[in-house]
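Here come two complexes built around subunit A, the first alongside subunit B, the second alongside subunit C.
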Partner chain A sequence: MSSPSTHRPLVEASSVSCRFPIGPARPFGPKRFVHAVDNVDLEIRAGETLGLVGESGSGKSTLGRLLVGALPVSAGAIRFIGEDVTHPTPARWYALRRDMQLVQQNPAAALDPRMTVADQLVEVLDIHAIGARRARHDAAAAMLWRVGLGSDIMRRYPHELSGGQQQRVAIARALLVQPRFIVCDEPVSALDLSVQAQVLNLLQDLQSELGLTYLFVSHDLGVIRYLSHRIAVLYLGRVVEIGARHEVLARPLHPYTRALLASVPIPDPARPAPAPQILGEAPDPASPPSGCRFHTRCPLATDICRRFAPPLTSPTAGTHLVACHHAVAERSIRGAA
Partner chain B sequence: MSAPTSFALEVQDLSVAVHIEHGLARVVDGVSLALEPGQTLGLVGESGCGKSMTCLAVMGLLPRQAQASGSVRLGNDNLLALPERRLEEIRGRAIAMVFQNPHSALNPVRTIGVQIAETICRHEGLAWSAAMAEARRLLDRVQIAAPARRLTEYPHQLSGGMCQRVMIALAIACRPRILIADEPTTALDVTVQAQILALLRELQAELGMSLVIVTHDLGVVAHMADTVSVMYAGRIAEHAPVADLFARPLHPYTQALLAALPHRAVDGQRLTSIPGTVPEPFERPVGCAFHPRCAEADASCADRRPLIQSWLGAHSVACHKVTPTAEAA
Partner chain C sequence: MARLVLVKLVRAVATLLLVVTLVFVLLRTAGDPLLTLLPPDTDPGVVEVYRERWGLDRPLAVQYLLYLESVVRGDLGRSFRDGRDALEVVLERVPKTLELGGAALVLAILLGIPAGIVAALRRGTFIDRGLMILSVLGYSLPTFFMGVLLILLFSLTLRWLPSSGTGTFLHLIMPTLTLGTWIAASLSRFTRAAVLDVLEQPYMRTSRAKGLTRLGQIMRHALPNAAIPVVTLLGFMTGHLIAGAVVIETVFAWPGVGRLTVISVAARELAIVQAIVLLVAVSMVTANLAVDLLYGWLDPRTRNSPA
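Right after this comes the complex of A and B.
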């Protein structure tokens, strides 16, 4: 897999935050917010797949939705090919759907249960007035063929399709507007292993044929490893590490990334069983820990971690960034010696 | 009554038929399993392959519209033939189960302490205060911090990983000989999964339990199981010691599953996918259930159902294309 590192960023997020109001802790108490995404900087280059990995509650789906404008940004800015799309006018937001699309985890919920496959595909072309009206049905059939489905399913309803077929229809629907950027939010998590491989291969093929750019959100490191050019690791709404796939996987710098990688059971009985790396579970995002949000579970945590949030910097002066006081310190000690 | 089985648990020719709209669906179709004392059996398969139904049949917890046939041997007893009263004594005491979704398996309106103490009272006949003390010890044993406080809390106050620890505490409360864990970590994050799997291994060694671990995750099976049974469409496709299964999968389905794993993919190489989808229980193909998706299938596969037979020692497979050998080539 060659990394398209020379391309300019297609999507940029600068200091993006998203908070959701939740009920007060006690009646008439002060309003509380969950900071699902907190001050995230990210850029996605044209033609690449950025894998976004994290555990439940890390804000990875929220971040994906923010980038395609499916959720409003609370603070910060999002740019698409240089254009500020943080708060677009309704007309511009509408037009942007042709450039960016979202493929969701549960295709059964993403498709309209009361419309046939043909109707919901043609509807997309109608809304965006793509092609001549009479040609739209054929265009839909051609796109289905492209994702490996026969035209016989055009007349069927989503409930008549298997999970894998439903996800292909959802992908076909996203592709009909010829987008440049697709956020894939756990697109294969609901699928069985044998079908998962079909959909992953399809996404790979479509990327090389159409030059698509993906943000691929998943909790499954196996899938992320297979598909990504670069990997970003999210913990409680913050990016803790980001870099080229081989760098993050072979030389993880953040203690959380290391724990995550070492916790994955590799399907090979000859390897030792993964020993529990870190204790406990991620804290409630509504009341995140002070300083570095990982310090409550971190084996390296010291006083500075409890007091100051570490910035995302590169200890190697390269493109591999990490937000950890100790990863940086370790490097500078070695550098000084 | 026949001679007692030497296995901790022996399932022979188990079938489960469920009444549905379309007629009768054989969700489990002639499954045989054997669990050695103190060992772990991994039951692997995709959704709808009948692995959970097999467990429910073993526990005698099948829904009303399902009927089981065959035998489930535990010591001298065939569990399928026992009256409900006897089963109630066996469940929890001799054989216990941990479910996939701990939040829905626990009673939402009763405290953790009451739910555990209730089980202990019922099976061990302890007084309530002694049962509560035992419940506290159990929570401590499954590494729940501040067990005394947790006893008074409700399931919604606990995280997913903590709820699964409570489920495990409940399951081991009466020191069962056999523990069935049905996708125990599927709903959990991977760092928590590692903790729960380590806990299960520890408890197994401490209590000398036999473990059945049901999962769709070949990574979990690789590190938990001694032997593995692979299920497809209600039937056992292959059964082997864990190292043999991963080193030398014989059934085309097992081979395809391993080849579809993104973990094993070489850089830049496409994943091997299996065409088509798992058949519904009421439209299973004749002959070998896998033949419509199998690259090696021929006329005989569509015609006759392959029987499971030993290929070499404990490694057995149900496939016309694999012939038994005296020794591995």
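Right after this comes the complex of A and C.
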């Protein structure tokens, strides 16, 4: 943001918002909207994994879908390698599917239950006319092999596969077009713990082999910690903190990030359970709090928080950004204590 | 797959046996058949002769087995009035009923399924609301009322169509319209719900990510999946058609099974009513079986499930 970087970001979101209409609060009342994503600025650099973390309802999945063009942007702009892809023409949108892909949360539901694995994979190659028609089946099998599956599952239906196999098929499906950017929307949260690690390792291997760029959406800090180069924290549709993994994890600047980190259970019965740092429930996204959206639950909230939304800035003049009026003050308080 | 078909077949036969048995029990508990059949002033000696001739003096178990045997042979008794074979009387009505039912079903499919799909794809819009209001109207207007309205308009006022009877294509129009719109109304609601359900599935988002156009998505992924519940409903509707549309056949004096049911019940033609009940049971069971097998083809998930 400060100095023009030498390498352009692969994906760039500037002031991106997405709102959904919901029913009026009372009959014939004014139409209401949920601002699922509100004025988000984000850069994803080529080859990196940006972990996007937040609780449910924070808009992290929505943001992911916006970035791959799976949802229309209400305001703001999205750029892909410098090109504005906010509202592409149908032809351009279609072509962009080969650059950006989506891996979804529930692999069982993300695959068409009526089609065999082979049919679903070959369909992708058909849509984009990749390779000779007769070679497509083999290309699909090769991609399955790449994600660690034998070609014997080609004739199977999704329900005949295990959760891990389903997600591998979904990943293979996304990879068939050889995309550069993949949004992984909670790709392992529906899987068994033992399978989670396998799929995460697979994603990591594929990244280094193919030079992929990931936006990795998860509510699970453990998964985010394992995989991300940088971490962005989303709260009620806004980025409250973003920075390199070690910065965000070791020196979280936003009280919400700190609370998230403190709430991760530590598998040690001798240690006391962490005290809850966030007060109450997340507010209704349809009528978010004024000013800083976190002020209703923040232990540090003061008058300014209720009045003004804090900008995303760096208190250290580095790449670690935070949107909190007290981020700097809080540090000095902690230093004094 | 072969094992699955076998299991379903055995189940179908078991269901039929149950229905046949139920009919037997009902007929026996309805009272002494001789007293209902013979005139009240018949000589008791004559009654006994008939009792012996028809095997009604034998133990109930034997009677049941004999009855089963005759059902299997297709002998369902005779009409009291003219002594004709009951099954024959019923079966000669079936083509007319199927003609009306088939035409109505085709009309319902042509109207109801596209309406349901369009309503789902245009959810919440003026088009959706309009179609669904029409559907509620079509479903809640009683068929006898709708039928009479049509007769008033097309037969009495405009004099375009014959008000009753059968024979020409013109005779078929109004009964088909009445029955067809009624079926279309429920079919469109059902189709709309099925399509809406599928549209929200994550694999629809996947298909978008693949690069399919909206139309491609709908044709390749939405409709085939939404077809699963719709086909089930259609199967049951088809099975039901053989019973005839009792009310509509009566309103339009359509000589089908439905009207025969009304006439036979009124005339206490037990053998014929029994034949109709069995015929309906057979067609329902067959439709069920067909739907089950079709399901296996439509929905791979049901193929190797033990159920």
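Points to keep in mind about this one:
Assume the second predicted complex is superposed on the first by the 315 of 337 C-alpha atoms of A that agree within 3 Å, B and C clash if a C-alpha of one lies under 4 Å from a C-alpha of the other, contacts with A are read in each partner's own complex, and residues count from 1 in each chain.
In this text, contacts are C-beta pairs under 8 Å (C-beta built on N, C-alpha and C of every residue); 3 or more make two chains touch, one makes a residue touch a chain.
From a predicted model like this one, the values you see are computed outputs, not experimental measurements.
In the overlay built on the shared chain, the residue A:128 is in contact with subunit C alone; subunit B does not reach it. Legend: residue contacts after superposition of the two complexes on their common chain; A:254 is shown touching neither subunit B nor subunit C.
Of the two partner chains placed around the shared chain by superposition, subunit C is the only one that A:94 touches, whereas subunit B remains out of contact.
In the superposed model, A:70 makes contact with subunit C only, not with subunit B.
Legend: residue contacts after superposition of the two complexes on their common chain; A:174 is shown touching subunit C, with no touch to subunit B.
Of the two partner chains, subunit B is the only one that A:201 touches; subunit C does not reach it. For subunit A, the partner touching the most residues, choosing from subunit B and subunit C, is B.
Touch criterion met: A:164 reaches subunit B, while subunit C stays clear of it.
Residue ranges of subunit C in contact with subunit A, taken from their complex: 201-203, 205-213, 216, 220-221, 224-225, 298-301, 304.
Within the complex formed with subunit B, the subunit A residues making contact are 1, 55-56, 162-165, 192-198, 200-201, 204, 219-223, 225-227, 259-260, 262-271, 273-279, 281-282. Partner subunit C is touched in their complex by these residues of subunit A: 65, 68, 70, 90, 94, 97-98, 101-102, 104-106, 109-114, 116, 123-124, 127-128, 157, 159-160, 170, 173-174, 177.
Residues 46-47, 159-162, 189-195, 197-198, 201, 216-224, 242-243, 246, 256-258, 260-265, 267-268, 270-275, 277-278, 293 of subunit B touch subunit A in their complex.
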